[in-house]
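Okay, so chain A shows up in both of these, paired with chain B first and chain C after.
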Partner chain A sequence: MTEELLNVEAIEAGYGDTRVLHGVDLHLSEGEAIAVLGANGAGKSTLMMTIAGIVPSRAGRVSYGGEEITATPAEERVGLGIALVPEGRQIFGSLTIEENLKIGAACLKHRIGATAARKQVDEGIERAFTRFPVLGKRPNDSGSALSGGQQQMLAISRALMSSPKLLLMDEPCMGLSPKLGNEVYDILKALRSEGQSMVIVEESSRRALDFVDRACVLKVGRKVLEAEAAELADDENLLSAYFGIDQAVEQQ
Partner chain B sequence: MTALLQHIIDALSVGSTYALLALGLTLAFSIMNLINFGYGILLVWGAYGLLGLTEAGLPFGVAVILSVVGVTLLTMIIGRVAFRPFIGAPPITLLITSFAVLQIVQYAAIVAWGEKPRIINYPPAFTDVLHIGALRVPLLEIITIGTAAVVVLVYFVILNRTPLGSKVRAAAELPDMTRLVGIRPGTVQMTVFAISGAIAGVVGVLWFAKSGAITPRSDLEPTLKAFIAIVLGGLGNTRGALLGGFALGALEVLMSVTLPESVLGYEPAIVFAIVIAILILRPSGIAGAKVNPA
Partner chain C sequence: MNLPISFQRDRVPGLRGLAGALVGPLIVAALVCLVAWVVYDSFPSMQIIVLLFGINLVMVIGYQLFVGSTGIVSFGHVAFMALGAYAGGISAMSVTEKSIFLPELPGFLANLELPILPAMVFGGLVAAIIALVVAVPLMRLSGAAASIATLGLLVITNNVLNQATALTHAPQSIYGIPEVTTLTWVLVAVFAAVVISAIYKWSPAGLRSRAVRDDEMAAEASGIHMLSARVWPFVLSAFLTGAGGALYAMLLTAFSPQSFYVPQIVVILAMAIIGGINSISGGLVGALLITALNEVMRRIEGGSSLFGLHLSAPTGISAAVLGVALILMLRWRPEGLFGSAELQLGRDDRRKPESWKGQGLVEAPPGPAVKSNK
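Then we have the complex of A and B:
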């Protein structure tokens, strides 16, 4: 039941001379969802990039499915089943919608062979277009022509193309209107009900706490709190004390 | 009228080789921030290869294909051995590496072929002149323009219509995101070295049909012309590189036609003055800069 999926132990990471993460632990079981909350600059994105393998860890250990992957390069981690929907979505503007989806499945050829990969790519594209009809209407439009909301839909679809076991979502609602943000959360909820394991990074807690199992709060590169989501949602004082962000922001 | 047409064909032909060179260089820059001063020496090695193969008695067409394949492989080997370990380092490191590569590959040519100028025995198709009315068109110019058109077409098909091409475009735009979807940077880099090398191989065949003698130091002119074209067009931008190449070709023909003979010797100085002016006034090139390989 509680098969370990991801285990981050005392991870330290940063950029150049700046250390951003000072020994962060994160544990996730298969089928679980956890929210990583924290103010701007707390190190949430760096944590995601370290799990995905783009930012190297300087100390500590990352293991996935029981295997240590601390030194595994990013391009191999997606093949293991870790997919990141990064902050700012990072859609390839010079590629079409369909090319963006296809490239999301680039790791499949190595994993399951060319023929099986082709079949899974076709199915994945169909699923994406069923989930987001707006993308399917214009598959040859370039990624740069999409609105923010459409880009987020494409970014999620692109990550799903590799059939990840672990989905990392970095601030999925950033820059989106509240209405679009709700739509993104509806999608995430649907994925949750399909049993998708995920780590979701958010600045504002309310929406995320609704559908994750657990949540932790980062503050200047350290984990200061971790609890069941229901517990945190009930105890807003505790949360805001650690969280240190304006309640006004959360009310949005 | 005839004279004008003649000049246009001349300019297109000269511009074609510059445009191709700029294309090969700018692709490597858009992916790896590589400013490669060892690019021209690849043409020289391609020409020596063609020389050796034709002298060995191979049919010209076969020799051309083998020399282009040879330059492609040479470029990939250089890329793998010399450049790849430094990718991600500051561009200046790669630039200096390219000077080192140039020295090594150039001295290898001196050792292998000597410093005496050598001439490739091109078939008549490369040397004949076509007379259409008063128009006098060297066949080489038509071959050059036609080859350039084919190369550019193939380049765009590869980049825009193949899975490998979309990986290259993705890597030029968002290198980290490209890794995150599982594409090995090495695959993209080797693809780029192969394309850039193949272009150098093709241009080598055309270049020495026009300029004649090959020496191990014949690399300077093509390298310089390519960089001038890139400065004109904007580094890292394919359309800019092509535009820059043709602009340089047009400029050279225009000067050779209009300038009095006593000033013609200063042609390179005028070109460089224009380059400096552009660097000051419009550092992103006449096409405006945005890294875009396709």
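Then we have the complex of A and C:
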């Protein structure tokens, strides 16, 4: 296989007295995409936030590019190349579109110096506006003026500002209409074809299976299944056995 | 209205660079200071009030710098005013007076005798250093917990100043500070505070603070060090507040730790809330309004004739009116008069939120508008 990018070993994490993850493993090679599926409360978002460093892990190891980062704070992980698009988008509502993008590149100054960072910020903003012309039309509008789908575009663009090696997408279609959800997936497919490594969290969507390499299923904080995406997509019974996908919902 | 001037929310000012960021708040500061100067010049009996008003402007700008960029309401900023007042006041006091009033001062302070400007900077620095020390644990807290912790800071500072008799002559008043604060110095301080505050607000560091204010988790996920995005505005704000405290000390020349307690923070808070807590321009105007209101009410309390009408009211009515004004404000315009807007040069070219609706994610094709399902 190609070089290892992310390796999560027996990670445990939670909030206060509640333990959410009970020893989850996840492996990702460079250029690979993996989908993490599971029902509500399975620990998918917690897993993403543990990889991003926002939720501290209580046991286990996270390594990235061969180096252990279990204790590395979130803001430094962004500098290493891990970027999270949080669940529910979480853009900065009172900041302008352009400022939102600049925040995504906050780590660059540290990594490559001020002059190079400024250049890369300009290029990054340019790229974001080329990808999503609607954002470029009014770069000085505040983020809260955007619709849900546009906010998701902004959140993705913000994460891409740091030129991440690993993109973590937490339920990219949450709260979006099926049509807008499809548009988001088109964007993700485009990123995939550019070779972007990513982890996509979905509650129960076959859409993700179309373009990821592998998928795993979480259930109450444990990984219960991991397989090649093609395998899972073919075997609908297998998936529905694990989290009872409503086929009707899936038909959308 | 087609003037190339407008009120705009937290956004990059129309003119490129620093000048664009500064011009708007400076215009508002100039207008407010002009009012202050005219009153100072025409009514000798109002001079002390105008000077105190100018010092309050510095306080409000310092306060707004922290609260506006972090979203944490501080109840403790008067502690920095107190520290600045004592540090600045003691540093300005003559060596002979110190040997009379504060014979137990440590050697370094006993031999210090600074002119007004260095004394202000000294007062600001002492407040900023204390702020830096307490900020590291304090700024890990968020929301109400952080606000209450700042109140704790005020209570502790007040107690320490009360007990540190060798330094503060407490619980009695400190005496002997030279009365050197003039209108010029107050106005210089106001403009300096506006410049510092506006530069910070539009700097990359200010942007990072505002991102943390909007969404802590997303800011962290974007690679922002949350603690430093809060610590630096806290320290900078303490510096401005401390410098204002030093000016206050060199105006009143005598005060006790009780001069810096809950009633003072209520006034600063009211000025910031009425003006708009995220806006420098708003803070300036809020301070002007509250001071005017206070002055009118104080005169009515004392019993005075206004336009041939004899008015008198029970003592304490000015505080009650302040409270009512705050309640009305929070009911009808909770974001304050200015909200998050600053006066800025350039037309307001933002799109109204509605006009974003109905547009696809990617460029909408020409022809019939893309209809969103949302």
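Assume the second predicted complex is superposed on the first by the 250 of 252 C-alpha atoms of A that agree within 3 Å, B and C clash if a C-alpha of one lies under 4 Å from a C-alpha of the other, contacts with A are read in each partner's own complex, and residues count from 1 in each chain.
The rule is short, and it goes like this: a contact is a pair of C-beta atoms (placed from the backbone, for glycine too) under 8 Å apart; a residue touches a chain by one contact, two chains touch by 3 or more.
Note that the structure is a prediction, hence the values are computed from the model and not measured.
Once the two complexes are overlaid through chain A, chain B and chain C clash, as defined at the top of the document.
Look at A:S142: by the touch rule set out above, it reaches chain C but stays clear of chain B. In the superposition on chain A, A:K179 makes contact with chain C only, while chain B stays out of contact range. After overlaying the two complexes on the shared chain, residue contacts for A:G66 are found with neither chain B nor chain C. For chain A, the partner that touches more of its residues is C, with chain B and chain C as the two candidates.
Look at A:Q150: by the touch rule set out above, it reaches chain C but stays clear of chain B. Residue contacts after overlaying the shared chain place A:P133 against chain C, while chain B stays out of touching range. Of the two partner chains, neither chain B nor chain C is touched by A:G16. The contact surfaces that chain B and chain C form on chain A in the two complexes overlap at residues 52-54, 73-76, 78-79, 83-84, 86, 90, 92-95, 99, 102-104, 106-107, 158, 162.
Residues 9-12, 204, 207-208, 210-211, 213-215, 217-226, 278, 340, 349-353, 356-357, 359-364, 372-374 of chain C are the ones touching chain A in the complex. Residue ranges on chain A touching chain B, taken from their complex, read 52-54, 73-76, 78-79, 83-84, 86, 90, 92-95, 99, 102-104, 106-107, 110, 158, 162. Residues of chain A touching chain C in their complex: 52-54, 73-79, 83-84, 86, 90-96, 98-99, 102-104, 106-107, 109, 132-134, 138, 140-142, 144-150, 152-153, 158-159, 162, 176-180, 183-184, 187.
Residue ranges on chain B touching chain A, taken from their complex, read 163, 166-167, 169-170, 172-174, 176-185, 292, 294.
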